[in-house]
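Here subunit A shows up in two complexes: once beside subunit B, once beside subunit C.
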Partner chain A sequence: MSAMGLLGIVMLFELSAFALLAFRSEGFDPLALLFALILIAVLFLQYVCMLWISKYADRFILVIANLLAAIGMIVQYRLSPDTAFKQLILYGAGLLAMFVCVAIMHKPALFQKLNWVMILGSLGLLCVLMAVGKEHGGAKNWITIARVSFQPSEFVKLALVFVSANYLTTRRSWRGYWPSAVFAIACCGLLVAERDLGAALLIALTYLILFYIATGNVRTTLIGMGAGCMGAAASYVTFDYVRARVAIWKNPWATYETSGYQIAQGLMAIASGGAWGLGLTLGSPKAIPAYNTDYIFAVICEEFGIIFGIAVIALYLVFIIRGALLALNARDRYLMLIAFGCTSLITLQSFIIIGGVIKLIPLTGITMPFVSYGGSSLIASMMLLGILEGVAMRNGEMLEDAMDAAMEECRKEERAHAG
Partner chain B sequence: MPQAVYAFVVSLMRYFFIAIIVYILVRIVYHSLREYGELRRVKHWLSDGYAKYIEFLPPYADEEGGFVLVRSNLIGRSPRCDIFIDDHSLKRRHALLYERKGEEYIRPRRKASLWINGERPPKRTASLTDGDLVRLGNVTFLFKLRRAPLEAYDEQG
Partner chain C sequence: MRDNSKKHIKAMLALFCAMFVILCVYLVYTVHAYGTRWFTSPYNVRVQAQKSSVQAGRIADRNGALLAYTRADGERTYAANKARRRALSHVVGDSYGQTIGAESMFARYLLGFDQSVADQFVETIGGQQRVGSSVMLTVDAKLCDYAYDLMDDYWGAVVLLNYKTGEVLASVSQPTFDPNYMADYISGSRALAASAMVNRVTMGKYAPGSTFKTVTLIAALRYLPGVTEREFDCDGALVFDKSSGKYLPDISVDDSDFTSEGTATAYDRGREGAQDEPAQPETAQDIYSIVRDYHSEYHGAISLMQAYAKSCNTTFARLALEIGPKRMQQTAKSLGIGDAFLFDDLLLYSSSYIKPASQFDLAWSGVGQYKDLMTPLQMCMLTAAVANDGVMMQPRMLYQVVTRDNFVRMKQSAKAYKTILSAAEAQVLQQAMLGVVKSGTGTKAQVKGYAVGGKTGTAEISANKQVNSHAWFTGFVQDDEHPLAICVILEQAGSGSSKAAPLAGKLLKRAIELGY
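Now for the complex of A and B:
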């Protein structure tokens, strides 16, 4: 019941933001209100559907994910209504993918059977990407099939979670684990070769986290981290673009005219927003390159203010903590690893991009989960959400079974006493 | 709308947006903490072999015979209640069974009937102990708070 009120507040937020956008130009823009109404209807319907599937669905991560997606779409609409409508369609597709994932998580063994398909499919996709990939913003990470372009790395990271969870559950020693390690390293290598450093970093760290959680083996994990650092150092020495990225990060103002322009503009946008922001539609976010994908956080900070930006980070944090608790409550090792893998993907991805935008770590192009414009990213994030919801439902059912069993024990004891 | 008025409205609205997102955040954190506490308590109980449940007496005794309780449970004739009994003597939302600070309570809705062990409680909110016979309308059930002798739930599953 309590989450229903929360849902109402989220709807109020969406409606007021779009109402503000509707009066942006001289006339009145009814499309903005239509957009808001669609968004509200979709939010309500999916909430009801999710609770209809199981009353144990995690309502709060659903609301958080939808709020983040709504913030993304508000900013998209402010930047250009056309891309916002495209994003809305992709969001619908993402919801479909989410419900499919929820359904599949009722039979997680299915993924264990598809293990080799996922490995070969991911590696194949990345190899094809090497050959025919389109370059976009310095990284070669787009495939276009029949005018639909997508980013394979978004789906490869999901496959990695399932494949490693499977190997780390069914095998007991390093002799059994190695295929997952080889898979992770191969993915990383291919992604680095395609200059998609963000995705490579994401996959390497996710695999290490999963490995540590599954085995608790500190030594091997440290060796893995060391190998990762060596790899990073090696790529710093061998590849020019890695060196360039680090140099820009150290001092974006030195190359303000050319390569440092993006980071410098992003920082200036955040600074000009200040604590309270300039107000929706009053900033000038189009000065930042990649304003609607990687740099959307800077746009949010400029127009809504740094306090709002911190609240967005806090929403991610709550999402992550709830995801980790879901994983800890799972009574099945495989489900626990999958839930942890999905949570760490969201964690690392949001950390890498927000850290990059605020110049905490070198910038690597990666999308902000749920918020950024981009079909592959949004659909993959919604799939992660669906998987977490599926695990939550399983947890609830398990707990209910345990409570019923406890009751049965009590009743048996009582009958024995009476008779 | 004139440009100046619009700019003024926008600059006012940014405080509203910040307030709304901070409110959402605080509320989610608050509910998460409550839910987490509830989960831990239930798990603790289960690991000790405790069970809190109600047992309906005829005519509403079904095969399972009982209903496991959580922190708060709404009983009534509406299908949206946690414990849903289709009996015309009940109100749509008849009573709330809940726990506070380790004590168990039942609180009927205004003008909803309640008897505990055959007596009407002096106050609207009445406390419950193990074995109490509770009657709401024509529906009677036993309140049980028991410790199972066996390990009903172990951590590793």
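Now for the complex of A and C:
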């Protein structure tokens, strides 16, 4: 299917979903239609803009990411129009951040210069979080500055990708790599101490993947994994809350009244939806704690059905495959690692949260990329998208340069023969 | 270096794809396997919420006899006849989510969760009150009434099913309740026996007593070659060392020295020790424990089939000792004892066989008096599988779903749960069970003109002589036209052969008369 066709379908989907929402109660809600029109206009404009910046932009990941964000906003609007409008503003901010990232990726070396700023900034933020962070859902992962709250871990994970890619490209041996490993371990340690297990897991796994890709050193990677497992085992023994998480995962119904409540509610919502869902606005998603952030996948399954839920998983998968292709086509090691690092982040994050919600793995609170409500999460995800688009453009331009050079070579040869 | 990196990226991408495929597969699997459980959970607010917008459909038996309906004023009302309401209370359930019957198991249909969005839209736009589908159950209300009547005031459970299709034809549990008064029970303005809301058919875990000999017999057929040709000597109690539980084959005792505790269940042995007064001189009872026969009636030289027909404890205790704890446990497991069931139509608790530690416990476990626990429905399924040549069918409660415009939306078909016996094993067991009813302990279950097989059980639940035993009978009709399997347990009613077997015989007779 062409990207244009996909774009049309996405717009149609948005329009019909919001039309349904406009008629959901007595009377007609024009704001829902306005919302849909804004979404469609923004989608169309950014599509055109992105292609205007470079014809090499990847259209599929752009449309898919926007579709996921739109699904998120449809669910938000269904739950509460106010939060949906907030999310719309954050989405706008995210778009801005995306285009900034696209621009910076035009000169990726800029990130390399910012290496130490990113390291110190990340560690500093996480340390500050320890001291002044606000607790939310059992994890201390929010900072509030001048009434604006944000979640540093969402940005730390991006910094990790750039820092690791930098060290793993410019250095040739373990002697050169070690600062990146120390950085990853330090981030993990701080995050575990703040009880943000999801983010800690995400960072640990992403670093290991990048390390393996760059060095191909299976032994060290396995040692790293072993150390990670030992760390997980150690945290299971030391921290009560880790043990509690595992116990809830094994049987959420045993502690339904207290800690198992969220998972049990999520499972009931998914089961109630069945294959085709109860229908938009016909479920009771507000019974699930964190219904608009971490648990939004349960709400999607309840109202849109399991088949739609699988479609959402498939959307992520297409996004991931496109991301990996960008990494494979990268003409430069640094870009390759950045592209695959970003892809890994999206993969792991969506797997961890969807797997947690459907009780495949123990639940660790983390947002669903592009879909969940939350500024930090959405903006970080959009930045990720921007970085991937930047890589796509660089790939195209570098390929073009290489082709030009080859053509020039040919012409020279021809002239030499002619001469 | 770079080429290698690309290879690694491809490998990681393959891993990512696999992870997401697992995600999808697990999502489908988990909802398929547990979805009904989760949906019918009493905690699911959606079911209660739906009641305010959708009028729940009717519940009827397989012949259309009305068991539950919603009145015009929205009140949920149950069968007109009080005895029938009480007989079928556990099968039908209640509208407050207190029990797990058809009301909650089939809420998906009753409350219209299965209607398509288009149907819902048409109904809503048309301004009609939304009405859920009606559900017809596999049970015959008349048979349930009769079983309830036969049980008298005994607590316990009766379940009758078709062993070829797995359809449950009758299921009664006592003590029971009246679903019309559920609000009063909850508020406490009307008294109710403590366990009245427990469906003993599916949730009652009982010591199986001699009905468990069927399991021991199957293990013997599997692990002791030539056992059917052997002759056993039933000449007195088996003696065990009291402290270690070790079997002492060379010692015989006069079991009249032993009070009834000698044969009491394993649960009571601890208590018995505590009651011993140290001042008394040491008697045989202080040194030894015994396994003896019911009423100390010994059978002399006896074949395996006779031992089963006469329910000879010592022979089956010897068999259990020979088979060993591990193989006993394996056999129990292969028969589905300990399985966690996930049936769509009913919630069946697991039965259990706990591996005995000492020989004494092992001997008692072979006659169903150790910590073995069976639910009546599972016992019935085991007998049904014997009758059905080894194939255990999935028990079913849902006959069909009918929409408001009398369109049959769904009719369920028979599904095998698993094959637990080979055809040859099933043959031998059928003969053994037919022998029990023909000339053994189960003669009172005979139905004139039909070949009935079965097994009695008398589960001793207390050392106290004043407390009667639980009476068990489980059996089947060997007839292709009337494939019926039954299980009866009457709490503290006495012996299986005198109390449970006659009830089973009468109910089977009535079921055959009704054409099942």
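Methods note: the second predicted complex is superposed on the first by the 402 of 419 C-alpha atoms of A that agree within 3 Å, B and C clash if a C-alpha of one lies under 4 Å from a C-alpha of the other, contacts with A are read in each partner's own complex, and residues count from 1 in each chain.
FYI, a contact is a pair of C-beta atoms (placed from the backbone, for glycine too) under 8 Å apart; a residue touches a chain by one contact, two chains touch by 3 or more.
None of these values were measured; they are calculated from a predicted model.
Once the two complexes are overlaid on the shared chain, A:K359 sits against subunit C while remaining clear of subunit B.
Once the two complexes are overlaid on the shared chain, A:T170 sits clear of subunit B and of subunit C alike.
Contact with both subunit B and subunit C is seen for A:W276 once the two complexes are overlaid on the shared chain. Judged by the touch definition given at the top, the superposed model places A:S80 against neither subunit B nor subunit C. In the overlay built on the shared chain, the residue A:Y256 is in contact with subunit C alone; subunit B does not reach it. After overlaying the two complexes on the shared chain, residue contacts for A:A402 are found with subunit B alone; subunit C is out of touch.
By the document's definition of touching, of the two partners only subunit B reaches A:F23; subunit C does not. Touched by subunit B in one complex and by subunit C in the other are residues 276-279, 282, 314, 321 of subunit A.
Those residues of subunit A that touch subunit C in the complex are listed here as 209, 212-214, 216, 253, 256, 264-265, 267-272, 274, 276-279, 282-284, 287, 306, 309-310, 313-314, 316-317, 320-321, 324, 327-328, 333, 336, 340, 343-344, 347, 351, 354-355, 358-360. By the touch rule above, subunit C contacts subunit A in their complex via residues 1-2, 4-6, 8-10, 12-13, 16-17, 19-20, 22-24, 26-28, 30-31, 34-39, 41, 43-46, 49, 108, 113-114, 116-117, 120.
Note for the complex: subunit A touches subunit B at residues 2-3, 6, 9-10, 12-13, 16-17, 20, 23-24, 60, 63-64, 67, 276-282, 303-305, 307-308, 311-312, 314-315, 318, 321-322, 325, 329, 331-332, 398-400, 402-407, 409-411, 413-414. Contact residues of subunit B toward subunit A in the complex are 1, 6-7, 9-11, 13-18, 20-25, 27-29, 31-32, 36, 39, 42-43, 45-46, 49-51, 53, 55, 64-66, 68, 144, 146-150, 152-153, 157.
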